[in-house]
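These notes open a run of structures that come right after.
In the two complexes below, chain A is the common chain; its partner is chain B in one and chain C in the other.
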Partner chain A sequence: MISSRFSKVISWAYLIALYGFIFLPVIVLVLFSFQDGRLPVPPFNGATLKWYGEVFADNRLMAALGNSLMVAIGSSLVACVLGFCAAYGLARFVLPASRLQRGILIAPMTVSYLIIALGLLSTFNWIGISLSLWTVGIGHVVINLPLCFAIIYASMGDHQKNIERAARDLGAKEWQVMTQVTAPMLMPSILAAFFLSVTFSWDEFIIAFLLSRFDVTLPVEIWSLLRSGLNPKTNAIGSVVFLFSIALLLVLELLVFRRTAKK
Partner chain B sequence: MAAASLEDQENRKAWGFVTPALLWTICFFVIPFIVMTAISLATRTGREIVMVWNFDNYITFFEKAHLLKGLFVSLEITFTVTIISILLAYPLAWIIAERVPQKWQRMALILAVLPFWTSYVVRSYSWLLVLAKNGVINNTLIWIGVIAEPLEMASTRSATIIGFVHFFVMLLTLTIYANLVQMPPNYRRAAADLGANGFQVFWHIVLPLTLPGIMVGAFLTFVLCIGDYITPQILGGNNELALPQIIMLQLGRRADFPMAATLSIVLMGAVTLAYIACARWLKMERT
Partner chain C sequence: MTAPVSIRNATKTFGEFTALNDVSLEIEAGEFIVLLGPSGCGKTTLLSLLGGVLSPTRGTIAINGRDMGDVSPSKRPTTTMFQDYALFPHMTLRDNVAFGLKMRKIGKTERHTKACELLDMVGLKASALKKPHELSGGQRQRVALARALAVEPDVLLLDEPLGALDLKLRRQMQDELKAIQKRVGTTFVHVTHDQEEAMAIADRIVVMNAGKIEDVGRPEDIYMRPKTLFAASFMGEVNFIPATLKGRGNGMAEIDSMLGSISLPETILANDALPDQGPMTLAIRPEHFRGVSTGAERMTLGSAKIADGAFFGTHYRAHLAPIAAPDMVITAHMPQSANIEPGTMVELSIDLASIIALPGHPQTPADPATQG
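Take a look at the complex of A and B:
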């Protein structure tokens, strides 16, 4: 009895300690984004929204934020469409070397982003394509396509096949089956793939860093902010990004998982 | 005849669906990889890359101590991080699965991975806030009076490891938890009925059954950790460079593309070896 109570105490202490470890940097980040002073470290001098004001007045940061959103949404749309079509083709038809095809589509998942970025950089340099947000977007599709394909492919079950066959028997053309029957049935996993891609692209640094030149995405702009050392403004933009990701997560939870859970 | 042409038609349609994605991956992943491999066999003269098709860069890598050391630094950091993260995450996942009431478990998990959603660059910066010379820990300790002089915690290997562990504890808690709850409770009940005590149940039943899941998480940790540039650059400083930092240095200051490509291939070699080791081990486990 005593030992069970003892282990209970240990468990809760461990739980609290690890949650403390996990949350420490986030709490420090958010708390000192309100710091009334030049350094985001203790002692806490009092709350101000000054740094948030500076963030939203910073044209470069705001431009980078816009770029990030554009690249994230654009590249995720492309990755989702390509991934969905490929999943449809491979799950619904018998194709030669389908294992090899799946292997090729999944392959980028197993390679470090740094290596993907370097490969693309070498190739763009070689062909003479100049770097821009477009090249960043291409890179982000490369890393998100395997993810979209895998998620959507995994959710294509046999029971949907019968419904598709019924639609075909009733005279639907292939693209009608795909867009009006298959896509709506798989919407939860398509949305999950899309939102995951958006968060990955939104947060990605090394590809965006190596493949962009004048217009940059938010993580790259934050990176250049870091050169000024500890600065409450960096805390503020970091907190904004965190809030944005959490909001996205909430949308995903409410829109997608809630609905699947009901089913 | 009619059947065959119908099949042809079906096949053509199927290719139409798969080809765009395949083309994208081949154009922007497979070909770039081949180009990079080719460039690793080239040499740099001035700003020009000259194809010489030899392995000089690879020989240089093994001869130059500071380059080779980068690989070892990366490997040491990665192994340390993987082991510490598993040791910290396993009990956490266990407690969430066993001790936390059922209806709170989902909430507990979401909380445990919440900081996952801070930006990657910002997360390392946050640890800098905590560990810096005038950071949270030092200032607090000085304020309480435990230490008089600030401790040197940032710009060390420990700082890099702490930053990494923070990230991977969250990741591994998720994967290990998923494994723990998948396990049928009957197994443990049966073992307990046969007289095993708590520790024996864990050691002989639970751990072996969750090991494959741990290995998958460990492999993921390995791949993400060894290829990361941000965390060692922000937290580790320039005292001791990890391989990705050296790669970026070749690109930036030295503009030595062939060497950067060579080092990347070496990095990939390390990941491939880890993959083979994991796959073999998992296969052995299954038979």
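Take a look at the complex of A and C:
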């Protein structure tokens, strides 16, 4: 009796400690973004929305936020299209060394972002492409393509193969099969791949930092803000970023996973 | 629309394996043909050759007189109904049925009207805006049929379409398939390994085995007068009695069988593959021992002792041991009123016309088909 109650207490304590460990930093970040004072450290002096006002009034931050959205959505779209095409080709056709090809496609996942960024940086220098948001986008396609490929490839089964055969049998050309049958059928996993790569691109720093010059993404802008010291304003922008990620997750959950669960 | 199909000397090999061996078959426009055989007999390969999914190693396929050699699957006047339905899960039933028309660039209103007509034909008009996952197996199969017929193919290929349905539903769908085929008049080529299904729906059955056609004919012909041992045993229960043809003449044939010497009229032996002399088999269906004679000429194959029997409703199914060959087991259907006490002696009396004479001997006496 006692021991069962004791183990219950222990497991609750463990649960609270676990979630505390994960979410305490976020709670502190969000809490002190409302700090009425100049320093985002205890004690908490009272709530104000002043810092949020400053964030939204800051043109450079807002421009960086726009850039981040553009890069995230653009690079994720490209990564999804490329990943889908690669998955379709490898799942549906007999290709030479297809295992090796799959391996090579997924391999960049194991390479650190720093290495990828350095590699791209010297490649761009060598070809003579100057750094811009485009190069950041290319970098994000490089890191997100393997992810998109893996997610979409995993969802391509043999049952769908027969459905595609039926479409061809009814007169569909290959591109019509891909766009009107395969892609809509795999939409849940394509959307999952898209939203995941948007979130990855959204808070990616190293590649964005090394491959951008004048226009920068939000993480890079936040980093330059941080160089001038802690400030409730950085907490406020951090909270906005966090809120955006949560919103994306909710969209993913509601739009994609609910729909698949229903089927 | 409908069209005749002509298969000439079609051979398909996969490496060393010959899936289809020099098969020729003429199918008339509007015929309901069933390709029947065990798995691996080449029936699905033949269907794939018609649909263009595979191309023959040798030989030609012509539909409506036009050689299909270099016509891709999507350009052929054929559509396929798949065993696993293969409906588009993200589309409504209406869009599923209209898909082929959309690929043929037919306007939205027109194709929706046509799709609704076809859904009406298969009794699913009210569900036109539902998605496939809301339907039962039988309903999905109906949608697959409507979808395949929407583009008005000359030939509809059915790849074991009823295989995934339970028995009762399968019988019901067979009747519907047959009725719809009669209505639309399209040539149907249907693959199955279920001989009852084949008899229920086919105009003509093509019995296949090991990449070859064993027999072709109306269900009655294939059942009553099969051409080969394989066709006889695949179409239902049968007793094989090994025999030797001694000689033919004067319209009669002298035969030495394991149950004694008999002479049969030549008409029974009307099978080109039978030699003038040599090994042959007498095949007799169990129900032909039932002895309800309607003035037909009867003969006896001697007496037999009942070994055991079971009541099947319409008849008793009994195992008999003939006195002339006590090791042999004959399966016979006996009237409901019969006394099937083990040890009872019965006369092996049959209508002459129901005896089937086949070339060759069964390969193993323990063939499950002969033992029932």
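Note that in this section the second predicted complex is superposed on the first by the 263 of 263 C-alpha atoms of A that agree within 3 Å, B and C clash if a C-alpha of one lies under 4 Å from a C-alpha of the other, contacts with A are read in each partner's own complex, and residues count from 1 in each chain.
Following the convention adopted for this analysis, a residue touches a chain if its C-beta (ideal position, glycine included) is under 8 Å from a C-beta of that chain, and two chains touch if they have at least 3 such contacts.
Since the model is a prediction, treat every value here as computed from it, not as a measurement.
Room for both chain B and chain C is found when the two structures are superposed via chain A, with no clash between them. Working from the superposition on chain A, the chain A vertex angle toward chain B and chain C, CA centres, sits at 100° in steps of 10.
The partner that reaches more residues of chain A, of the two candidates chain B and chain C, is B.
Look at A:F32: by the touch rule set out above, it reaches chain B but stays clear of chain C.
Residue contacts after overlaying the shared chain place A:G171 against chain C, while chain B stays out of touching range.
In the superposition on chain A, A:G74 makes contact with neither chain B nor chain C. Within the superposed three-chain model, A:L15 lies in touch with chain B and out of touch with chain C [touch as defined at top].
Put simply, the nearest alpha carbons of chain B and chain C end up 5 Å apart when the two models share chain A.
Residues of chain B touching chain A in their complex: 10-11, 13-18, 20-22, 24-26, 28-33, 35-36, 39, 88, 91-92, 95-96, 99-100, 111-112, 114-115, 117-123, 125-130, 132, 134-136, 139-140, 143, 166, 169-170, 223-224, 226-230, 234, 244, 247, 251, 257, 260-261, 264, 267-268, 271, 275.
Within the complex formed with chain A, the residues of chain C that make contact are 51, 53, 73-75, 78-80, 82, 84, 86-91, 99-100, 103-104, 133, 147-148, 151. Residues of chain A that touch chain B in their complex: 8, 11-12, 14-15, 18-19, 21-26, 28-29, 32, 39-43, 82-83, 85-86, 88-90, 92-95, 101, 104-105, 107-108, 110-116, 118-120, 122-123, 125-126, 138-139, 141-142, 145-146, 149, 174, 199, 203-206, 210, 218-219, 222-223, 226, 230, 234-235, 237-238, 241-242, 245-246, 249. Here chain A touches chain C in the complex through residues 159, 162-163, 165-173, 176, 180-181, 184-185, 187, 263, going by the rule given at the top.
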